[in-house]
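Order of writing sets the labels: A, B, C and D. Residues in every chain begin at 1.
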Amino acid sequence: MKSPDNVAPFVAIDVDYERRVRESFSRQGLMKHLGARLTELEAGRIEIRAAYRDELTQQHGYFHAGVSGSLADCACGYAAFTLMPPDASVLTVEYKMNLLAPAEGEELIARARVVRSGMTLKVCMADVYARKTDAETHCATMLATIMCLRGKPDRR
Amino acid sequence: MKSPDNVAPFVAIDVDYERRVRESFSRQGLMKHLGARLTELEAGRIEIRAAYRDELTQQHGYFHAGVSGSLADCACGYAAFTLMPPDASVLTVEYKMNLLAPAEGEELIARARVVRSGMTLKVCMADVYARKTDAETHCATMLATIMCLRGKPDRR
Amino acid sequence: MKSPDNVAPFVAIDVDYERRVRESFSRQGLMKHLGARLTELEAGRIEIRAAYRDELTQQHGYFHAGVSGSLADCACGYAAFTLMPPDASVLTVEYKMNLLAPAEGEELIARARVVRSGMTLKVCMADVYARKTDAETHCATMLATIMCLRGKPDRR
Amino acid sequence: MKSPDNVAPFVAIDVDYERRVRESFSRQGLMKHLGARLTELEAGRIEIRAAYRDELTQQHGYFHAGVSGSLADCACGYAAFTLMPPDASVLTVEYKMNLLAPAEGEELIARARVVRSGMTLKVCMADVYARKTDAETHCATMLATIMCLRGKPDRR
């Protein structure tokens, strides 16, 4: 029942993708407002983290599912964006997220990777972990469809 | 090709559901941080609104999909919560959202309704609109599964 | 809390869409194998029905969720296909389905409609009903993303 | 950016789970009708295969997305069922599937695993591969929520 590894090593067609991703991320008012930081970035993979604050909670004091969703969606979008050409914009078509455990901890970590990289559409997965000291709890998983809009550079 | 109307008029089993929903909503740090307000509330239906601010944007200056997702998830959860007994907590199991148009406007409005109300699981739908003066653009639609946890009152 | 009606009256850009949809449907081996019939067809809307048979059951004797999913996916795809140009193929990008009630009855009915019709992507919804004599039970709801592939006519 | 392995080794609480799964699978009329076989089975994991036939095709002659969905849903349900107690029934709450590549080949293979095993709800993932001679193409991925109904043994 062994499956072939479905995480191919992707190659970016734009060598300057890191600068492009960081610049776009810095323009997202919401990420700043949530205290989110882009902590890892490579072709086809992104990690985003946010420290615990009362401003990010749901009614029981855990991280709100909306924060998990925002970080995971953003990580999926930029994981896809690393593989796009310089003249393209990135657009989330849709995503689905399952919540697996309460997001309780000092930090929320969203890790996304591209699963299938088509010309127009890229399918991505993200997993969200809540870190407490050194232990990480897997608290959510996302499956997302991201679109590449050619000829519309990603500017405000 | 006419379908029977799938939005049944639901009856709350807890007459005090409005107080319970408002109290729980007020404990959500994220909703306050996003400037979200609970603007309508009835058995099986919730509306949440947030005014435009730079803190809620994605890289092109529109409302971030994470804000649409947070408001719609929260509206689905509380729409389900209106139909739960007093001793229950509400938990989002999963949701899926399609983005339909750029969320550009002065205000974002998420309207959720219960579609199927089982004892343990409630299925909800939400639509998100961006309002510009008097016109509303339908910018996202969500399908969510919400769980009722009996014997665990919704307290922090 | 009234929402603007989100089912716009769509206009087909190919006047010959009915012939195109029926011809494509007739080439689907699975639809024939499931005994499925295309029972209604207009611009942006499709209805597909299948009569109850032991060959369509899950372990308790109801219609299998796989049949609900197959009919609903197919109805979404062809609802989108009615709005495509003559030189296009239709492709399902993804779908999500919630099961609402046991699919028990003499006939399963999937009704799909286009919710948002973009050039490349069309978002569709489908509802699945199980008919028993004259009563219909709403047993599943689907949200799907369908892609229009230009320059690749839909032929085998 | 290393994530903890999210596929825990699950332990079945019912030692007789294999017999229970095989017996339930054999009652599914649809699986027989699609020519599907349960080819691997262990605690928390299931593999189902179906050979190519004209009866399983979409309009271009590939495996129909409905077949991928049926096999993957069924594999998710039984992967969850391996971890349930003897007096329980299994119920699909919802699933979401992304199609990654045309399902072209001699055989379709759905491999499912439990990702999170709660008492009432189990979250599963499935990947679908189309096999052509010895090469497998990853053609779909599913994320599903499965429910355990206690006190309702899985009988027809």
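We take it that contacts are C-beta pairs under 8 Å (C-beta built on N, C-alpha and C of every residue); 3 or more make two chains touch, one makes a residue touch a chain.
None of the values given here were measured: they were computed from a predicted structure.
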Chain at maximum distance from chain D, centres defined as averaged CA atoms: B
Repeat of the B-C interface, chosen from A-B, A-D or A-C (over half of contact pairs identical by residue number): A-D
Pair with more cross-chain C-beta pairs in contact, given C-D and B-D: C-D
Length of the line joining the C-alpha centres of chain B and chain D, rounded to whole Å: 32
Whole-Å gap between the CA centroids of chain C and chain D: 23
Residues of chain D engaged with two or more neighbouring chains: 93-94, 96, 98, 123, 145
Complex contact set, residues of chain B against chain D: 93-94, 96, 120-121, 123, 145, 147
Residues of chain C that touch chain D when the two form their complex: 24-25, 27-30, 32-33, 53-61, 64-67, 69-71, 73-74, 89, 91-99, 154-156
Of all residues in chain A, those that touch chain D in their complex: 1, 3-4, 6, 40, 42, 45, 47, 96, 98, 100-101, 111, 115-116, 123, 125, 127, 129, 136, 138, 141, 143, 145
